[in-house]
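Look for subunit A in each of the two complexes below; its partner is subunit B in the first and subunit C in the second.
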Partner chain A sequence: MLADRGKGAVFVPAFGAVAAVLAALPFFVDLFYQTFLTEILVWVLFAISFDLIFGYTGLLSFGQALFFGLGGYAVAIPVLKLGLGTGTGLLLSVAVPALFAALVGYFSVKLSGIHFVIITIIFALIGSTLGESWAWLTGGADGLVFPAPPIDFGLFRLDLMDIRSTYYLVLAVVALSYLFLRRMVQSPLGKVFVAIRENEERARLIGYDVRFHKLLSFVIAGGLSGLAGGLYSVSLKYASATFLHWSVSGHAVVYTIVGGAGTLLGPVLGAGLIMSLEHYLVDFLQATDLVVGAVLVFMLLLAPRGIMGLAQGRRK
Partner chain B sequence: MERAPQPPILALSKVSKSFGGLMAVNYASLSVNKGELRALIGPNGAGKTTLLNLITGIHTASSGTIRFKGEDITRLPPDRISRRGISRTLQVTSLFSGLTVYENVWAAVQSRKRFFNPFVRAEAWKDVAGKTEAMLELTGLSDKARTVCSELSYGDQRILEMGIALSTEPDLLLLDEPTAGLSTRESMGLVKRMRAMLGGRTILLVEHDMGVVMELSDRITVLHYGEVLAEGTPAEIMANAEVHKVYLGS
Partner chain C sequence: MASNLAVAVMNGIVWGLILALIALGLNMIFGLLHIINMAHGALYMLGAVAAWYFIELTGNYWLALGTAPLVVGGVGLALERGLLRTIEDKPLVTIICTFGIMLALQQLVLMQFGGTARRIALPISFRFPLFDLQYPAMRIAIAAISAAVMAGLWVFLNKTRYGLWMRGVVQDREMAVALGIPVHKVYMWTFVLGSFLAAFSGVLAAPIVSVDFMMGREILIMAFIIVIVGGMGNLWGSVVTAVMISLIQGVGSIFVVPSTATVFSLGFMILVLLVRPQGLFGE
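After this line comes the complex of A and B, so read on.
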């Protein structure tokens, strides 16, 4: 009775079908579109990680760019300067941002409402300022270009200089991350997050350590935002301080609000819709931001629960 | 029948709380025994809700000690106090308003666990599901289990709030004006429901409705300007001249 019975019976074949279509696509679309799809998948991961902290735990973090950017560097720097493998880099792109999220979160989750929003922006600003000024480490705004070494899976080697292989790597990681998050939000832990979102005081009064669970959600979201940044840098063979810019956080916010917060699927649709709009409109007009802005305003006014809210009708 | 003296389950000793210069609770001492239903009455601003906030850790006492089951809980945060076995309802209904009745009760039942496994579906916790359904049965809300609780009638919300508080399996339940905002008829219904739900529990009840207080309580404590003015059985309180002067009216 917690979830509608039979939802799983729809989800499994639907997820399988979408995954199969996405896996088959590289055989039907050219390299340009494979690159574009890879990019969409990266932002999908970034958006769903944001949905965990915002949509499920109720904390509007405008600082996710910090973890995204750190994730990018957590691959680029070890690969370029320490000669480590891409696989190790990707593991670091989860671990390093998660560690920073623990630190940032420790100070941030004590605050609530607008104060929380502002402190996360400030931390992201510090990150992007340091990223730009520590050019000896980060390459500054020019960034770091690196060759991503192939990942050896034993049975096969994944050549990451190949666009299609990179697409498959990103697809696999994003699909697994989606399943991981989906299970989490349906789990007892997910129920704790949602309880905190709905009523912090009540959650505390029935015995939940609110601050700890906010921090936990923030760390998990930070780790996955980092993984998105890591995958982004692997797909571009490039990481830069621009990844840390606070406006990067805005992407996740827009995708999630347009798609529907607290649904996981919503941010996926939001990212797909907005990025496609931008992609196809750029041929006709310069100011694609204007269109994105218009879509956002439209959704906020007429469909505050996003695409998912429209799809599900009035009821939750 | 005389019983061997048992240590009180809750003991407040010379507890004070000031906000700025205002003494909201002033040197209050109070003991509640296991199994007792104690009412806490007094005029508005007497410090009743503040006292509950001190017991549940929402505020911390400026001085004095609060002991629960023999242990000092004066400075514990609300979640730790809840886990030690004190639960409460709030004067202004406080629910997970966007969730269903079922999900509200589930969250409270689940709170007694120590580890919240992120890798299993919540439904797999059959013991939590069982207790949740039992609580819905007890509150009479089973047929509204799937209703989003912001859509419940106010009376049902008050009952749900009590159900949530009970779902944490407390040894002491604090009720802050459960009938606030209810019509007389709704109050009577709630009291009836409370009798069924609360039998045998240790309860500290803040209530303005003297009918409810007389009907339910074993003993009554009267607060006035943050101080304990009187304490006794309902009959003794009704006969107390000073209580009449400050609270009950002549």
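After this line comes the complex of A and C, so read on.
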């Protein structure tokens, strides 16, 4: 507990400083990099939501892409077909995927280990297969292009066709989500998640409802993955059935493993590092996935606790 | 109609036997090493791509069928010795690790081979009449070769010392160690054999489907379905399931849209996972 409190004293100024730097950045970098930063932030949110279910609760879900893709459609379809606002769409991008996560999770958390991995892949595959064949609703693999209406905050209107405003929206949502998740993993609820990860049997014997807590973690992670998907489609003005494919979950897995699972900060660093690496490599190497795959494999073998593990190991 | 149905049944059996080989490799690796090999589809693809290069070089399909799987078996050897050996006792870590290997292999092939799909000419161009349609004899040959390899595998597992060791390790790993079976060597050769089988079926499938760097992605999922429905660790359950699923999909796709058939088979797989996680043919 004392160690936690010590970290808190560092955390507040550090978080404030990082947020201030990120908020100031659009005044120093051009539109291309503003878009790039927006994209990194979206994947950061996807990665930390995956970290909750994998890093903290110990469930390896390859099905997060389902919720990510659903979140994209939860914005695109209401805006395009029902004429709703972007703000409503973003709320739906949490609610709809969370609802689906409750359904998928209800069945999935009955299984554990590799069976859980496989059933989440299958659910995502059903989603992407239906998404591609219901082209009248989803636009199929071509996707839906939509204009994002401005969000009215009362005091000011946020024009989402503007790249910088979109960046600030994404930054604010991702920062709040990070604080939300950080608060949660430090709360007694978060300790239960970790207890389940460390020893399911023991957690059950202490008296915790393991299945309920797994489901809860799955639903929260699903809702936040959906929010990431919603922000992604708002920033691209585009949603597609290809986002539903299970392999999209691999992004979150890679960022989380490379950064360090079960740390929240790790996936943020992992996403930033890997995406920057891809960005600089793509100029002289066509196959960035080769590097990503190689980094993933070597981190697993040489530093299974990721960048965070390396940093903490150094300190001890 | 009758001829359509006959072709669907024939195709279902041929494709089912190819799938059975892939699933057997995946299932052997799972049953012995407890590794869910996400790179299995990529090894299948690697077999087909290697075969394409061999055919470019020599013009002989049968030579490619003999050599390409050996090359991929070598790749499997390197992967097991170099990467997987140290993490074999951690199932979740190996899933992520083989996922990384899959990404790397696919992109490596994309760099060398390019993104366009290529075709391999049928080495046996003879066709025979099936009702009022012509059916390529090559497909019958593919099915026969696949069945022969499976028969060979059965003999290997049941009549040789290595096969006995492998079955022993599956039954009771600790007892096997105590009895002096070189368990790590058995692991290694099982992974090599699994990679070999994946590549072999890749070469067999190459003249039927087109060869490209993503061809393993859908196959991986099919192989998963088969292994789970047939029972993890139950090799012959995989063979029966492969042919069964392929027949159902082949014949079913005459009557319903392919995506509907896919969704139904995926839904069926969820049902099996929840109700009979040991598989339809498991004890």
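The rule is simple: the second predicted complex is superposed on the first by the 309 of 316 C-alpha atoms of A that agree within 3 Å, B and C clash if a C-alpha of one lies under 4 Å from a C-alpha of the other, contacts with A are read in each partner's own complex, and residues count from 1 in each chain.
Here is the rule we use: a contact is a pair of C-beta atoms (placed from the backbone, for glycine too) under 8 Å apart; a residue touches a chain by one contact, two chains touch by 3 or more.
What you see is a predicted model; the values in this text were computed from it and never measured.
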{"item": "Touched partner set for A:Gly207, first subunit B, second subunit C, both or neither", "value": "first"}
{"item": "First, second, both or neither for A:Leu82, with subunit B first and subunit C second", "value": "neither"}
{"item": "Which superposed partner A:Ile122 touches (first subunit B, second subunit C, both, neither)", "value": "second"}
{"item": "Which of subunit B and subunit C A:Ala9 touches, first, second, both or neither", "value": "neither"}
{"item": "Contacts of A:Pro304 with subunit B and subunit C, given as first, second, both or neither", "value": "second"}
{"item": "Touched partner set for A:Val194, first subunit B, second subunit C, both or neither", "value": "first"}
{"item": "Which partner, subunit B or subunit C, touches more subunit A residues", "value": "C"}
{"item": "Overlap of the subunit B and subunit C footprints on subunit A, listed as residue numbers", "value": "none"}
{"item": "List of subunit A residues in touch with subunit C within their complex", "value": "60, 107, 110-111, 113-115, 117-119, 121-123, 125-126, 129-130, 132-133, 247, 250, 253-254, 257, 286-290, 292-297, 300-301, 304"}
{"item": "Touching residues on subunit A, where the partner in the complex is subunit B", "value": "1-3, 183-184, 186-192, 194-195, 198-199, 201-210, 315-316"}
{"item": "Residue ranges of subunit C in contact with subunit A within the complex", "value": "36, 83, 86-87, 91-93, 95-97, 99-108, 110-111, 217, 221, 224, 228, 257, 259-260, 262-263, 266-267, 269-270, 273-274, 277"}
{"item": "Of subunit B, residues touching subunit A in the complex", "value": "56, 58, 77-79, 82-83, 87-88, 90, 94-99, 102-103, 106-108, 110-113, 116-123, 125, 128-129, 145-146, 148, 164-165, 167-168"}
